[in-house]
Amino acid sequence: MTSNFNASTDALYQAIKGLPIVSPHGHCDPIWFSQNNAFKNPAELLVIPDHYVFRMLYSQGIPLADLGVGSRGQDADPREVFRLFAAHWHLFFGTPSRTWIDYVLRETLQIKLGLSAFTADSIYDQIVEKLAQDDHLPRALFDRFNIETLATTDTALADLGHHKAIRDSGWGGRVLPTFRPDGVLDAIDPNFVQNLRDLSQLTGCDLGSYNGYLEALRSRRKYFVAMGATATDHAIEVIHTEFLGDPEVIYQRLRGGTGSLDDARRFYGHMLIEMAQMSVEDGLTMQIHGGSRRNTNVNLLDNFGRDMGADIPVSADWVRGLEALLNRVGNNANLRIILFTLDETTYARELAPMAGHWPCLRIGPPWWFHDSAAGIARYFDQVVETAGYYNLAGFNDDTRAFLSIPARHDLWRQGVALHLAGQIDKGLFGRDNAEDLAQLLATDLARNVYGLAG
Amino acid sequence: MTSNFNASTDALYQAIKGLPIVSPHGHCDPIWFSQNNAFKNPAELLVIPDHYVFRMLYSQGIPLADLGVGSRGQDADPREVFRLFAAHWHLFFGTPSRTWIDYVLRETLQIKLGLSAFTADSIYDQIVEKLAQDDHLPRALFDRFNIETLATTDTALADLGHHKAIRDSGWGGRVLPTFRPDGVLDAIDPNFVQNLRDLSQLTGCDLGSYNGYLEALRSRRKYFVAMGATATDHAIEVIHTEFLGDPEVIYQRLRGGTGSLDDARRFYGHMLIEMAQMSVEDGLTMQIHGGSRRNTNVNLLDNFGRDMGADIPVSADWVRGLEALLNRVGNNANLRIILFTLDETTYARELAPMAGHWPCLRIGPPWWFHDSAAGIARYFDQVVETAGYYNLAGFNDDTRAFLSIPARHDLWRQGVALHLAGQIDKGLFGRDNAEDLAQLLATDLARNVYGLAG
Amino acid sequence: MTSNFNASTDALYQAIKGLPIVSPHGHCDPIWFSQNNAFKNPAELLVIPDHYVFRMLYSQGIPLADLGVGSRGQDADPREVFRLFAAHWHLFFGTPSRTWIDYVLRETLQIKLGLSAFTADSIYDQIVEKLAQDDHLPRALFDRFNIETLATTDTALADLGHHKAIRDSGWGGRVLPTFRPDGVLDAIDPNFVQNLRDLSQLTGCDLGSYNGYLEALRSRRKYFVAMGATATDHAIEVIHTEFLGDPEVIYQRLRGGTGSLDDARRFYGHMLIEMAQMSVEDGLTMQIHGGSRRNTNVNLLDNFGRDMGADIPVSADWVRGLEALLNRVGNNANLRIILFTLDETTYARELAPMAGHWPCLRIGPPWWFHDSAAGIARYFDQVVETAGYYNLAGFNDDTRAFLSIPARHDLWRQGVALHLAGQIDKGLFGRDNAEDLAQLLATDLARNVYGLAG
């Protein structure tokens, strides 16, 4: 217990600390749970896949290849990678990565030594030893973490074979897919034209017409629903929606590879509305992650690929950007659309007033750079007064770092306790109400908004 | 006293808690005070006219018609409306609406029960009983609230008959009109052309020329001044001012109904400057409420009308937007222009530096969604260091919910006490100075900036 | 010690309070230290040169000429100016100016009276007496202030004669120039064409070609380096960089005075990249101060000149604005570019993610209006979680008010102590680590990022 936890905060925290983990959005690989192979080594567990970690090391001049990242890093010795990481552990002072990894080492892996250049080898060896044990296999950890539901993120073309294997395995873990169709909606994707061909092959639909394209998308959504999906997901840089009078024309240009950037932008804006309309039909909760400018470092993209730490937030305009979509489906009280922003200025100015009005909208939890102690505090400070608590969507860990899941939910739950204890201090409500709200924020909102209850 | 009030905060609060209420901007209906009829029932008092309340219920799927809102809601049973509201009281946890309504029930209406589905009927009956009593008539409440001045908001075409009736009544309450001419300045208003005809008829001016139009506006301002007005008010979405070389041309197009959207935008930007120049002449304090995108929900607008909770803030650029206006009149130290923003990012970036330079500018208090405990704290945190206290405009309740006026001023005064006690803690000044500043913020700045003193 | 300083905060503060002052960016005049003449009088010391002070007085209707500002103020009696300032000292409640000037009067000038209209004359006389004493001459103060390094800001055309005189004087004070070439890069400067002529004469380079122009810039940088410079500086309103395919064409238009505004904007965006490339060659740290709209008050500019308090921040887009520059030089781990923003919304959204990725980037300290207690707190709150501490650039006082330098560093050091004590409370690290970070933030980061160490 840290000294900013008074008795009231601690009581609220203790009441929710042990609740099951509901993880309705993230990027774990389902193969971990279908194959249940041991994780390889500490570098591949904690450093190489975590762009929060290697971007910080890179920012201080450490080459990515030395960190084992990308094809250029494939020959890096994992022990050397871990040493390099440990020797620069001071760079992470004050960051949530440090909090999460400290938690993983101490709570999850039961390492008693503090991480430093001097302890790197010893900790490396200890982790290697643990990873070889049955109780550190992915399924065992999943169970130990008390995960009630874990949603993955899957392209529209995914065959969901691993999800099927998990369901057929007899293991009780609930791992659900999420429908992320950007690759077949966003013609800026360099593989767009090929993706449409694959979509046609996969569904048997004739994508020669816009209607066939819609049919293929419906078919894929149906398959995802059958495989347990309860949600879709979209990532967009500039928020834009518009309903095209004649989408066929632009569709044909984009499908033929002759569309302009503006065609692509408008078409994607149109398809977000189509997706929302399909959600009205099939009940899938729609997630929109807006405002990240992807791959701003061209050299890194060319040499190391996507998701290398060079995705940077830009300012967002949710009000004008979603107006077309909301005016088609927004008054539907059965639809659920969750908005995730990287522009915190939109919390109080846009998202809270919008979610406090439109029946379909919910505000997603602090995302990415803002999923942190101060980020959580700013979120509550700015959304609750206008949106209340019931227009929020609970918590997402949104991670590909499986071991950090309990750490991330724990940080959120501490943030919830701190916030609610502060509200009690301000006289806004009493302990009983705060306890109800704590449970709501820790688990129930996520269950409800994603249709995961019962 | 809540536990975030230490002795120092409480002392500052007690010193200003009982000061008279100066309410220089709001939306009360003058008919309440000219006719002094009893308020109808609890639903019409607390739910139906309050868009803060019904927007939140609507956001959780409750149809507006069930809440008695709009023509579609006119047959709703007020007791059922109140029950529906009470049953969803939990949606308001953490919102200022809950704080205000709690205060109204407890302090103003002396209801001892807490609001819930179970107490709805009993509370309803108790309120009905109170409203029938003489000491709950509008004038009696006005006096009991210790309101020194209450300004209403009135269109340029208003005859101010109720204001006249109040003055002639012998009752001592000071209820003043405010000149809000948007309907005759902003050609985007669907009634603009008709409004000009009405303006001509009302003033006897010939609106066939731009000069006649200006003359009519001067005439109306003069009438408002004669009726006690001390201020004007404008609401604009995108901040834009420019001084047209030849306004006549655009004026003629707009008057003839053939102007473009851009004509309308530019003309309104020009007329804001004309209004500021008239304020230099007649001394009316100018209020600019900027950055609300109105009626974003077209379906709601069509079926229920304006002010239904679908007005959403957008980002603002006060610096470039006001540059033309300020470069014509801004160095005039006798002019007063108060800026109200819904984009809190402009507090520290734009408004505080601007008000800390231009002699005419003052920063309005936190507005609308930000008139809340955390909103007030963010306001002080972000404006004072650059603008000081003397470039602020004190407090506005800006409400059409008459009963909530004391609650809103009380929340502000608590926020003032918390802020100033924090400043004492930081060693910025002592208790004596803080007490002076508390009174300044509670009443004196509003009196001075709106010319209501003496 | 104020009451928001607990024991832990105070211990951290005491550990760094007495460290030397590293001042790597500011606007002191080197003539003060080359000639070492006594400062003239209290008005010229504390009021007339300080636009933080006179803008606030102006905002409340006090004419600038009465404050001794500009050519119109040259006949103002300094005692009257000081009286006017003292009589309005209440306007500064809550501002950092009040904190700094209080510190200067109490700590630096050892004045025991509190400032007010009643004490103005007495304080004036006491200061006059002090300024005449040897121990209040510029060099004596520099030594007493324990300034390790003081960087000035100098145009590309500066002969640096006073810097030379300081070096030749035998006095040990380290006063370094900084290369600020905006006047020869930004064709919007009304003196641009003449500046190029002067640049040609000064360097002997033929500016008839773009290559000659680059050569002249290189030559000037070399001279600055020889004179001890370790950094360059740029001020830009709208962040824009682009690498022109054929800069010669635009260069010729601008040099001939026939370029358009867009030419000027594009060329400056190009030259920022050239400057960064030259920094890769010569090792000068590059500073970019972005987002101030200069001289928004045309009347003041015409009558009083630049830097009169009418420079107002506007919103910034660092991500798109720097993309071209960063994609040319940003992966260079030896380059240092420091970004200073007036748009605090970019701290968490843009600057921290960018500095947490690009090897060359560091985030400058809170600048101008935000160099204040609350501004410093917001800065740490928003940058540390994503950028850590090692991607920051320490502190700059950025002042032309020489006497305020200790006060400004003291306010920063208090802010550092408050922040780090808060981090300890949150359990993020212990006292030992906090002490290391405190020293890092107080002096070492500035030394390292500006190449001033050793």
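When the chains are written out, they are named A, B and C in that same order, and each has its own residue count from 1.
The working rule: contacts are C-beta pairs under 8 Å (C-beta built on N, C-alpha and C of every residue); 3 or more make two chains touch, one makes a residue touch a chain.
These numbers were taken from a predicted model, which means no experiment stands behind them.
K.L.:
Please state whether the interface between chain A and chain B is built from the same residues or different ones, using more than half shared residue numbers as the mark of same.
P.N.:
Comparing the two copies, chain A and chain B contact each other through largely different residue numbers, since under half are shared.
K.L.:
Fitting on CA atoms only, what is the rotation between the copies chain A and chain C? Please report it in degrees, nearest 5.
P.N.:
120
K.L.:
As a quick test, compute the distance in whole Å between the mean CA positions of chain A and chain B.
P.N.:
About 40 Å, centre to centre.
K.L.:
Please list all residues of chain A that touch 2 or more other chains.
P.N.:
315, 345
K.L.:
What residues of chain A sit close enough to touch chain C in their complex?
P.N.:
Of all residues in chain A, those touching chain C are 2-4, 55-56, 58-61, 90-96, 98-99, 293, 296-300, 309-315, 342-345, 369-370, 372-375, 378.
K.L.:
Touching residues of chain A toward chain B in the complex: what are they?
P.N.:
315, 317, 319-320, 323, 326-327, 330-331, 333, 345, 348-350, 352-359, 361, 381-382, 384-391, 422-429, 433, 437
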